[in-house]
Structure formats: structure tokens, C-alpha cells
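Both complexes below contain chain A, partnered by chain B and then by chain C.
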Partner chain A sequence: MEHSEMEFIAEKQKVKIVPNFSMSKIYFISGEVGPFQPGLPTEVPFWLAISLRQRQKCVIHPPDWLTIESLEEIKEAETTTELFTPLPNTHFREMCQLLLTHAKSNIQNADAVRTLVKDIWDIRAAKLRSSSDKFIRVQAGHARIDNLTLMEINIARPFLLASLDHLHTLRTSKLHVERIVPTQ
Partner chain B sequence: MDDTLDISGVSEEGEEQITSEQVFQQLEEIWVNERLSPNLMLCRTDITECILEQMQEMEENIARAKKTDLKVSLHQLELDRIRYVLSSYLRCRLEKIEKHAAYLIKKESSDGPSVSRLSPEEFMFAKELTSGVTSHLTASALKHMPKNLQTLNLEDSGKVPNLDHYVFLRVNKAEEGIIVDCETDVQNEDKIDLEVDAQHIMRYKLIENLVENQTVSLI
Partner chain C sequence: MDLLCPPGGGMKQNYLSIDDIMMSSEKIPSTFLVSVKTLGYLDPSTNKKDIEVGSKLDLPLWLALSLAHPRKKFVTVELTKPYKATYREILKADAGVVNLYKLCPYYYALGQQQLSLNHAEGILVARSLILAFSDRFRRIMDLSGNAIGGDNSSLIQQFDEVERRLFALGQKSLQSFQRWEVGESRTLRTSELVSRHRKRKREAVD
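Let's turn to the complex of A and B:
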């Protein structure tokens, strides 16, 4: 799947906004939103928040886990363990990207946050590379990959799945040959 | 005036009432599963028709309402998003049908009416495609060949979906005792228990039934 499709899926997530207009409830096909009162925070899907922000009708409040302290904790945990740590959100990378684009003014030290998110991403990508390498070397038929976000899976997908498929084909054809010509 | 844009958001399916929110949620799930699986998934015309109805209702409401900027454009935005998901889903199914037309037609007639992978329209499409390909191949190549080589068997020579394709999956409901065999010299059969919210990589064939009944979903 494309990165843009992953972002499309991430845009379904709810986020808190503070509107500056008032409106009654809106009944979307994918759920109902509102009512909107100026100054009162309310939860809306992210795609709606982006649209309202672009018309300058609201302010997007970033979630609690997008602060320097919590990101540093995550980075610390990530560097110490060998496995992947659970991240605050399944769409961590996409949400960070979208929030840094659209809610920049509401994030303290946006640049430092951006750097931290990038660091966490790099650490996890390195772990992903080495574990896929190990997986392929061992030629296992199955693996458990908890705590991997969808974006990371999507990036690893083309290479990892194609190589696993090839390995499987090679294994089964080798087995077929060995049945016909049994090894001594 | 604002009322014209309110959809009651409820559709009746037999005895149960399902909200449009749940139908859209289901559409997104089958969209992702369809994109990521190597085989054509079971046909879900119930969901697609329901969503189409909702979209048509919404479009009529928008056309009737005044152009009061904000609400109309927000509804239009959501409509475009839903249309994108639906058309991507249908396009993906058509691609798979184009690739494996003969195989799917054969499976359809052998599996019986309860396990239907092709909707009636898709079945017509597959049939027309195979007959078109057959007549093209016959006219351009086969009829110039010696008489005893003029048979064309598309089902056996055509492309078969690769059910051994590895996929990523997430577990929705717990399931025990999935056999994952390593094809080494010794037939090692490992049994895996699937816990809720765990993520795995394995071959599609092993979990095909579980995807269809939504015990696991592809990611």
C-alpha cells in the first residue's frame, strides 16, 4: 500500500479541536460530530480537523503524548530494549507528521519534537532491518511482530514478503526434488 | 434547512439495525483485506450496496440544500473520501478478476452458491473476459496450428493466485492451534496460538478462513 493511503487511514483518528464558530450536530455517514461552540473543545476525526484548520475555523490541540518529555521517555525505552516498545498510537508516524504540519503553533518546541520523532523512527527502522535480516537468514516460516506500527510494516512489506515468498518456493522445490531423488 | 443535510444514519438489515458508521467501518476493513490478500475475497455486495445507497441519499441532500458554504463542503469532503474507498475496493477486485479469470470461474461453479466470490456482475465480466481472450488467441495463433494442438485450456494454463504468499496479520479474536509447518527435511509442525492484538507474519493459506470470518485482519 502507498504511504498516502496509510495517511488516509490515519486521518480517521479522533483529535481534539477548539472551534471558533458555532454549529449544530453534523450527521456524517461515518458518525456524528458536534455540536460546535466557540471556545469549547470537541473531538472530531482528523480529516475534518485539517479541513477546518485550513479554513481557519479551529485550532488543533496535539495529544498528550506529543511532548518532549514523553517522547524522550519513548526514545530512552527504545534504545535500551532489543525488541520494539509499544508506541502511544498505532499511527504514530503519520499522526506526528500531520500534527507537525497543521498544528505547529500549538506544539512547544516543534523543531525539537520533530527531531525526537525522527530519532525514534531511525532507531526502530534499524531494529526492523536487523530483525528482518535475521528472520530471512534463519528461514523461519512464521514470526511474531507485536508493537510494530502500520507505517513500519508498510515500508518493510515489499522486500520482506517478496523474499519470504521466494524462500518458500525454493524450499518447496528442494523438498520436491528430494522426494524424487532421495539423498543418501 | 439544516435538516435536509441530516441523514438518520440507520439502515436495517434483517432483524438487526446497523448504523452507517458500522457499515463504513466494515467497508474500510474489507478494503484493506482485499488490497493485501493474494486471493479474491468473498463477495460483499451487502456492504457495497448499503454504502452506495447512503452516498446517493447524501448527494441528493447536498443538491437540495442551499450552498451554505461550510456544512455542504464538509459533507462533500466526506463523500469524496467514501467514494475513494469504495472505488479503490472495487478496482482492486476487478484487477484480481482480470488476473485469475478462468480459475475463479471454475471455482465459482465448483464451490456452490453459498460461498460466492464473484457478484453476478463480476461473474459476467469474468466470462466475457475469458471468451474475449479465447477468441483472440484462437483467431491470432491457434487456428494456424496443426489440428490436434488447437485446444486451449485456460483454467489449467492460466494464472492461479499464490496462496503461499506471506502476509502480515493482526488478531481480532483469540484462536488456538494454527499449524505452521516449516518445510525443512523433517516435517516440523509447530502449533501457534493466536492471542488478541498480536501481530504475526505467516503464509496466507494457513489463515485464509480466519480472514474471511474476521478472526484476523491483514495489515
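Let's turn to the complex of A and C:
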């Protein structure tokens, strides 16, 4: 899956904004977006929030988990456990990227936040690598990993699948030599 | 990497795959069990007119596979050097440092093809292939997930063709991720074909 596609899917999430214009309800195919009053916070899908922000018609409120304190907590949890911790949002990385690009001024300490997000990403990537290495070495039949985000899965997918395919052909030939599985 | 005709992969070969064609031209040391008249020119060591019984030749894999078929019994073959006990021991000790490309660019494919020739050590070869790959996996994964730069030939020097393909896949994921991070996935670019086709554009006409 392309990264831009994943970003597209992430943009469906809802986010709080404070508009500075007023408009009545808008009816979209996916649902309705409530009446806009200047100064009253409303929930809109993220793609709409970005588009309004680019025209400077609103202020985006970053979600609660995008503060330094909660990110530090998440990072602590990640470093201590061997498994993957559940992240506050299934599209963690994409949301962070989009928020930091478009709503930079609305986030406190944007640079520190960006560094923390990258740190969390690196820790999880390292865990994913070591667990797939262990998986291949032990030649397990299947593995289960919880709490991976869409983006991480899609980055690991092509390489891991191709390697597992190769390993599978090697194992099948071994079985053939042992006269368990006949080839045609 | 997408291939129009991928290699067979296991003990099968894909007729139109370039990888399989190149792999099957590797030489296998074979001993003739029968004499073959008038084909003496194939043997560079003698200049007799016929191939005698018991003469040793290096036949390409595609020839050796058909001649060594158990029902035909024209030649007997032995394992090529990279799959013999010495190299198997080296791989068992540390598979990560072995230069598989130098041993045989299609190491895994040739190894699996030779399994169908019914050697006594076949099972050991099969096991050693699996162990070698699982040992080398980590290195390929780390290098492909972290290496940036145009020229990676020094890094992948020790990889055989299959591993090089895996490396390219990992690189592609990494590069596409980096492009997305920077925001390049959103920018539209003129395709080269359009910018080069030199037809008159509308602005030129007006």
C-alpha cells in the first residue's frame, strides 16, 4: 500500500477545530458536518480540518495524546516492555505527520514533539526487526504481533513476505528430499 | 522487484525466466557411464574422437539434469564445490560472512536443483540452505532498512541474486517512506515522456 493511500485513510479520523466563520450544516456522503459558529469547537473529519486550516478559517486543536507528557509516557512504556504497546491512535504516525505539517503553530513545543514521535517510531521499528529475525531463525510456523499500526505493517510487508516465500521454497525442497512431499 | 517471469524458485525452473536460464548454465562435474561416439570434441582435455566410459567432464546443469535421470543412466554427477561438506561447515560456523555471490550467484537455486539429482548428501545440503538463509536474514534486513544512497554495490557484494532482490524490496519500502515523510508523495511531477515529446504546446500556438 502506498504511503499516500495510508495518509488518505488516516484523514478520515475526526478532530476538533475552532472555526472563525459561520456556516450551516453541510451534508456529505459519509455523514454530516455540524453547523459552524465562530469560536465554538466542532468535530470535523481531518481532511476538512486541513483544508480549512490552509485557508486560515480555523484553528486545529491537537488531540490529547499529542502533548510532551503523554508522549514521554508512551515512550517509557515502549522501552520497558518487549511487546508492542497499544498506541493512542491506529494511525499514529500519519496523524503526527499531518498535524506537524499543517497545524504546527497550534502544538506546543512542536520540535520536541516531533523528536519524541520519531523516537517512539524507532523503538517500535527495532522491536519489529528483532522479532521478525527471531521468527525466521526459529522457523516458526506463525507469529502473532498485537498493536501494530497500519504504517508499520505496510513498511515491513514486501520484504518480510518475499523472505518468507523464499524460506518456504527452501523448506519444500527439503521435504521433497526427505520423500515426504512429492513434486510433480 | 516485479519480474515479468520470476525464477521457478524451488525444484522447478521457469522456462522463460532469465535467472533460471543463467543458473542452469552452471557447470556440474560429471562422469560418463557409457561411451558416446563422435562427441569427443566436447572434452577439452583429450583430442579423441569419442567420449570414453569414465571420462570426467563439466556439463552445464541443463544437460546434466537430463542425462543423469535415474532411468537413463548416461552420467553420474557429484555435488559442486559450494555445497560440499567443507563449505557447509563454514556456513554453519557463521553464514553471515560468506561471500555467496562469489561461490555461486544463484546459490539457493542451484542448490535446490541439485537436490533432484539424488545425491547421498542431499538432505544435508537442503538443511544447510535453510540454516544459511535464516542466519543471513538479519543482515539483509538491517542493511536494506537503513542504507541510503545511490550506490549500494559495496554493501550487497556478498549477497547472491535472491538476497539482492530482497534487499531491493526493502530499499524500495524505505525510500518510499522517506519520500512520504518529506512530503514528496503529494507533489505531482510531469512525467518524462510528456516533457520530452516536443510536440507544440498550446502556449506556443497562441
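Criterion: the second predicted complex is superposed on the first by the 179 of 184 C-alpha atoms of A that agree within 3 Å, B and C clash if a C-alpha of one lies under 4 Å from a C-alpha of the other, contacts with A are read in each partner's own complex, and residues count from 1 in each chain.
The criterion applied here is as follows: a contact is a pair of C-beta atoms (placed from the backbone, for glycine too) under 8 Å apart; a residue touches a chain by one contact, two chains touch by 3 or more.
As the structure is a prediction and not an experimental result, all values here were calculated from the model.
After overlaying the two complexes on the shared chain, residue contacts for A:F159 are found with chain C alone; chain B is out of touch.
In the superposed pair of complexes, A:H3 makes contact with chain C only, with no contact to chain B. In the superposed model, A:Q97 makes contact with chain C only, not with chain B. When both complexes are overlaid on chain A, the residue A:Q13 reaches neither chain B nor chain C.
Of the two partner chains placed by superposition, A:S70 touches none, neither chain B nor chain C.
Of the two partner chains, chain C is the only one that A:I136 touches; chain B does not reach it. In the superposition on chain A, A:R171 contacts both chain B and chain C.
In the superposition on chain A, the residues of chain A touched by chain B in one structure and by chain C in the other are 139, 157, 165, 169, 171-172, 178. By the touch rule above, chain B contacts chain A in their complex via residues 2, 5-9, 20-21, 24-25, 28, 32, 35-36, 51, 54-55, 58, 70-71, 73-75, 77-79, 81-82, 84, 162, 164-168, 180-185, 190, 192, 197-203, 219.
Put simply, chain A touches chain C in their complex at residues 2-4, 7, 97, 101, 125, 129, 132-133, 136-137, 139, 154-159, 162-163, 165-167, 169-174, 176-178, 183-184. The touching residues of chain C, counted against chain A in their complex, run 9-12, 108, 112, 115-116, 122-123, 126-127, 129-130, 133-135, 137-138, 140-142, 144-145, 162, 165-166, 169-170, 172-174, 176-177, 179-181, 183, 185-186. Residues of chain A that touch chain B in their complex: 1, 8-9, 12, 21, 23-24, 26-32, 47-48, 51, 55, 57, 135, 139-148, 150, 153, 157, 160-161, 164-165, 168-169, 171-172, 175, 178.
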